[in-house]
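First chain A sits with chain B, and in the next complex the same chain sits with chain C.
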Partner chain A sequence: MKVTRFEGGRSTAIRALVVAVAGLGLTLLGGFFDPQRALQAYHVAFVYWAGIAVGALIVNMAFQAAKARWYVVVRRVLETIPLSSALFLVLFVPVLLGMGHLFPWVDPSHLEGELRRLAEHRRPYLNAPFFALRTAGYFGLWIAVSHLLHGWSTRQDTEGGAALTLKQRRLGAGALPFVGLAMTFAAFDWQMSLDLHLFSTIFGLYYFAGSFLAAFAVLILAVNASRAEGLPRALMNANHDHSLGKWMLAFVSFWAYIAFSQYLLMWIANLPEEVPWYLARSKTAWLPVGIFLAVFHFIVPFFVLLSRGLKRNPRALSFMAVWILIVHYVDVYWVMMPALRHDPEHGIAPHWTDLTALVGVGAAAVAFVVWRMRGRAGVPVGDPFLEESLRYEPS
Partner chain B sequence: MASAATWVLAEFKDEAALCAAARRLRELGQQRLDAHSPVPLHGIDEALGLRKSPVPLIALIGGVAGVAGGYLMQWWMNAVDFPINVANRGFHSPPTNIPITFETGVLLASLSIVFGLFALCGFPRTHHPVFETEGFRTASVDALWLSAEVKAEDAEPVSRELEKLGAVQVSRVPEGL
Partner chain C sequence: MSVEMRELTALERGTLEGAPVLVGRPDDRKLNDDLFLPVWEKTRRGWLALFGITLGLTGLLFSAIAYTFAKGIGAWGNNIPVAWAYDIINFVWWIGIGHAGTLISAILLLFQQKWRTSINRFAEAMTLFAVIQALLFPMIHLGRPWFFFWLFPYPSTLATWPNFKSPLLWDVFAVSTYFTVSLLFWYVGLLPDLAALRDASKSKAARIAYGIFALGWRGSARHWRHYRIAYLLLAGLATPLVLSVHTIVSFDFAVSQLPGWHTTIFPPYFVAGAIFSGFAMVLTLMIPARKVFGFEGVITQRHLDNMAKVMLATGLMVSYGYLTETFIAWYSGDKFESFVFFNTRARGPYAPIYWTMITCNVLVPQILWWRKARENTILLWIVSILVNVGMWTERFVIIVTSLHRDFLPSSWAMYRPTWVDWSILSGTIGFFGLLFLLFLRFVPSVSASEVKELRRELEHEAHAGAHAAKRAAPAARVR
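Showing the complex of A and B:
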């Protein structure tokens, strides 16, 4: 197959960069008026988008581990998205600088009673230097794995052959447990430690479930964004759309399964040190948000995604992908904000920096990924299974 | 019965010829067609004019019945028939009912798929007259076969048509064989 490099996307990347600078600049401006609130908004946006990048990495690794062939046509997009983990390492710096405003354990002397005891007990793990070192470690692993997979795949564009496919499969399978564990610990560090009263071993899986689902939504939107020659869309058939839709259906269900499991275990044990996390989200103005998630993050998308016709229609599937990205943000917001603000009774109180931070970080990631797509083939043209993927027709 | 059915069996060497023959027979008004092959045939669904499988609908009905039945069963047992106070949670306590509701939903959905498929495939029919044709056994080995269930008086013209369409061999199996 002829190697056609993708040289478009220049204006998209520039426009996304402008939006990113504007969004992040406005968030910074908000920081001058209300530093704590702007930091909270930024931290939520960071966790949301970074999770999607790692989710995309895990999607690719899981498919490599399973020796999946159908997805080869969209793989270049899927392996370029996680390269943005290098960007997220940089975007983590504001969180690190402002961690005193975000995490209660940074300075236990501000805390009282039980919370202070917990913070001091966890000091050996939850302290600023070790926290920074761990996050650097997670990103080190994600950056290394994503660059190796992307590097081998792009090398194969010109070299061809099966050896580079084997390397990707071996690394995909072999590094999967470590990448998954890094994501679990990142969930513990970035989200769960915001509330010293949250004890949930399933929490990492909860972050993973939502992020993995949102990664499929981003992948669907990314491949549907352009019909330019050499990009996957022009080569895909309805069976590819169907499978991507099936993955969204499966992980809408998986997210609900994990979310409910976490709730049920805490609700049924009813322990005084565990229930405050749910009380803050059910006996307050946050209750409608929880109900919204049950209905619009599970029940409605589940029944809508059951439709075969919808999954085979790229436009309808893109609509559902946007839907998923919105409800996933509501989910992350619902998990983090009541803990960040320590005042769940005072209501949801959204702030304009929530929007600027979300758009700013997201646009930065889009600009980065589109820029990294340029100059390479838009599909892995050297992959021996590409032709099989193009003919994909599950029987 | 107006006229007994006859099965016309035709062997083809490649999938394009078989699909073309299936399309031609449908143009001639023969709707009861089937294809027999040891490997998946691309485009055969469209060539045979198969409608969308009813299995997903059967699974959905089974799943919804499982969810409703599982939930109602627990509500009736725990809140109506034999109320026991467990940790003061209330006799009808929705979260405790969800795991069982999920399980019964999955169970009935999967059983509906299995038995629905059995029913659609004509199970437990163990024998069919076409098995009497010696040559048809190659459908499980290396040959592609098209079968058409036609009225007895149509068997002759359909056979000739299939030969014209490139069938390697054509056999006719009358119903009461």
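Showing the complex of A and C:
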């Protein structure tokens, strides 16, 4: 069996690049009018997309660790998405430069009372140099692991053999605890530390759950985007779609489980040092957003995704993937924005830079990933289990 | 330009696939003979000896319970502030052990894992017996256990109504649902094998006994169809239960405001710990049973390897829980919270128990990264026992250390278990062992019908693979 190298995608990459430049440029323009607000919009967009890239890395690593075979046909896409962590390292620079506008702990002298005490207490951890160093460390790890996995897999295209599969499995399993820890602390740094009142041990899992779910959504959209020869879609059968859909269903439930656990425990204990975070989201204009998330991030997609017919229909599944990406953005926005803006009473007040930053960062990532897909087989042809993956038919 | 899809040599395939899930391709007759042998053979001396020991411990359990009822809860070491101690430690420990069964039968079924077939019966039985032990504890801790039915919401003339805001009540529903579904799942899975035992039995008494429990199973296509539907539905029902039971158990602690108890990671961290200890207990029981009954062909190295890996993975999740808890205890800036983690637990009077926990749950499982360690059954068995010990100490650390030193030093007190506490704990271990020995003696501990099905699937797969390879051959020549 022959698989053509993927040489297309040129126009897609160029178009995405144009959109990225436009989106980021407009956000920058917004920054001239209202630097603080544009930076907030940018930070939310950054955390949203970077989480998806790391989520995709974790999906691939977990499947490698579990010796999964069914997903081999879509693996090239899955291993290319996390390569964008290199791009996200560059895209982090604006957050780093503007961190004084984003994180209250950068300059505790502006704070008063309890918040000041908390910022002083956390100073050994929450200080600008260590923050930058940590983020560099997270990205260093993600970049290294994603490039190693991708490199071995593409080398296997021409070399074949079992040794490269073993390497991928070993790194997938062995580095998973570290990649998971890096994501946890990234969640603490980028999201949790925005609000000094918030300290929640489950918070890393919350970021992971949403990002992991969204990574499946991106994967589904990516494989369904093109039927071009050599890309996975032409080789997949309905069982692959079905399994991808099942993963979305499972992680819609997992996200709800984590979100509910955190909410229930904080609400029921009602501790003054902990509960302000939820008060800012329930006694304000943000309440409908929280209800929206419960309904549209869990209840509706859960029941819709239960349908077997829907999961086996690529178009319907793609629709649900778009849905998931939208509600996941609302979730990240709901977690971060009330903390970033310090004035939850003034309502949600979306800003046009929210949209330009979201589209700009996303399009940059799309351009990057499509560009990295080019020139190689769109499926890992050297993988010994590809053939088995193609006839995937669970009983 | 194009690239070639490669085929793998048999040798390479061997290195990637690991040990088989079924050694050889034994036919139905041989599987029946081998797997039903423990039921048909004469009672072994070793079995009798173990039965005697566990029966003695069960006697000790019920004597200690009778003593507790006669004397009251004061017979235990519980005090104020440590009002919850061995009763809840052992409850959580046993319930956690019970989690491997449902995980293997339900979640691995959904994950299409073939290695579950020869171990699910075993694990489910263990689940049931562990949950029975667990249920004893809240019951005897009630103080007036004969009023246990007050926990159920029923229209009583006393106008008693349970407090639905309490997770302790949720426990009642969660655990009883879990027990019911696990029992049904186990029993439905047993039906074809019970019928096979009925048909193969040589004595009339055995035929009647197994016949009653086989519910008239004749193995017709209709029966199999209904069986399949029931099995899948029960798997679907059992899946959320794997998460819900221990989540609610964790709520018992986490809804409070006590430092060391009130933390948001508790639900997933308890679930991971439960699966961790459940797999450890399956390994503890399975490694000797497999050896004694000569089941190495159906419970292969692959099964042990996979269970060891699940144990390693869940052990890492538990370690993740410890790490985030400790970090956030500092990060929170809450004096009481950091006092629990950095003082009471790590350096307080119960510090040896804390460090035992860290050793058994965090350090020891790391050895399972090495394949050599996973292949060494003796070592694996020792690790599994240490994990059981570690998970018991974890519950001790969570419950006792948090309670014995709370906000006010004037209300601090030490907790010491009494001989009644120890008798009840060792008694439940004995009772659990007793039930397990009865299971091994009277019921096929490996599902013969499912192993037969697995064999057919493997044959089918090998056939499909060979067929595909033949089709691919011409393309390889073009290159």
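Odds and ends about this structure:
The rule we apply is simple: the second predicted complex is superposed on the first by the 392 of 395 C-alpha atoms of A that agree within 3 Å, B and C clash if a C-alpha of one lies under 4 Å from a C-alpha of the other, contacts with A are read in each partner's own complex, and residues count from 1 in each chain.
As a convention for this text, a residue touches a chain if its C-beta (ideal position, glycine included) is under 8 Å from a C-beta of that chain, and two chains touch if they have at least 3 such contacts.
It should be emphasised that the depicted structure is a prediction, and the values quoted were computed from it without experimental measurement.
With chain A as the common reference, the superposed partners chain B and chain C clash. Contacts of A:Leu306 after superposition on the shared chain: chain B is touched, whereas chain C is not. In the superposed model, A:Leu279 lies in contact with neither chain B nor chain C.
By the touch criterion defined above, A:Ile14 lies against neither chain B nor chain C after alignment on the C-alpha atoms of chain A. Comparing chain B with chain C, the partner in contact with more residues of chain A is C. In the overlay built on the shared chain, the residue A:Gly382 is in contact with chain C alone; chain B does not reach it. When the shared chain is aligned, chain B and chain C each come close enough to touch A:Ile268.
Residue contacts after overlaying the shared chain place A:Ala234 against neither chain B nor chain C. Clashing C-alpha atoms between chain C and chain B turn up only in stretch 218-226, chosen from 110-118, 218-226, 272-280 or 380-388, once the structures are aligned on chain A. When the two complexes are laid over each other on chain A, chain A has residues 257, 264, 268, 395 in contact with both chain B and chain C.
By the touch rule above, chain A contacts chain C in their complex via residues 1-5, 67, 117-118, 121-122, 125, 157-158, 160-162, 165-166, 174, 177, 180-181, 184, 188, 199-205, 230, 246, 257-258, 261-262, 264-266, 268-269, 271, 273, 377, 381-382, 384-388, 391, 394-395.
Residue ranges on chain B touching chain A, taken from their complex, read 40, 42, 52, 56, 60, 87, 95-96, 98-99, 102.
On chain C, the positions that touch chain A within their shared complex are 1-8, 12-13, 15-16, 110, 112, 243, 247, 251, 254-257, 262-268, 316, 320-321, 323-325, 328, 331-334, 369, 457, 464-465, 468-469, 472, 475, 478. Within the complex formed with chain B, the residues of chain A that make contact are 257, 260, 263-264, 267-268, 270, 306, 308, 393, 395.
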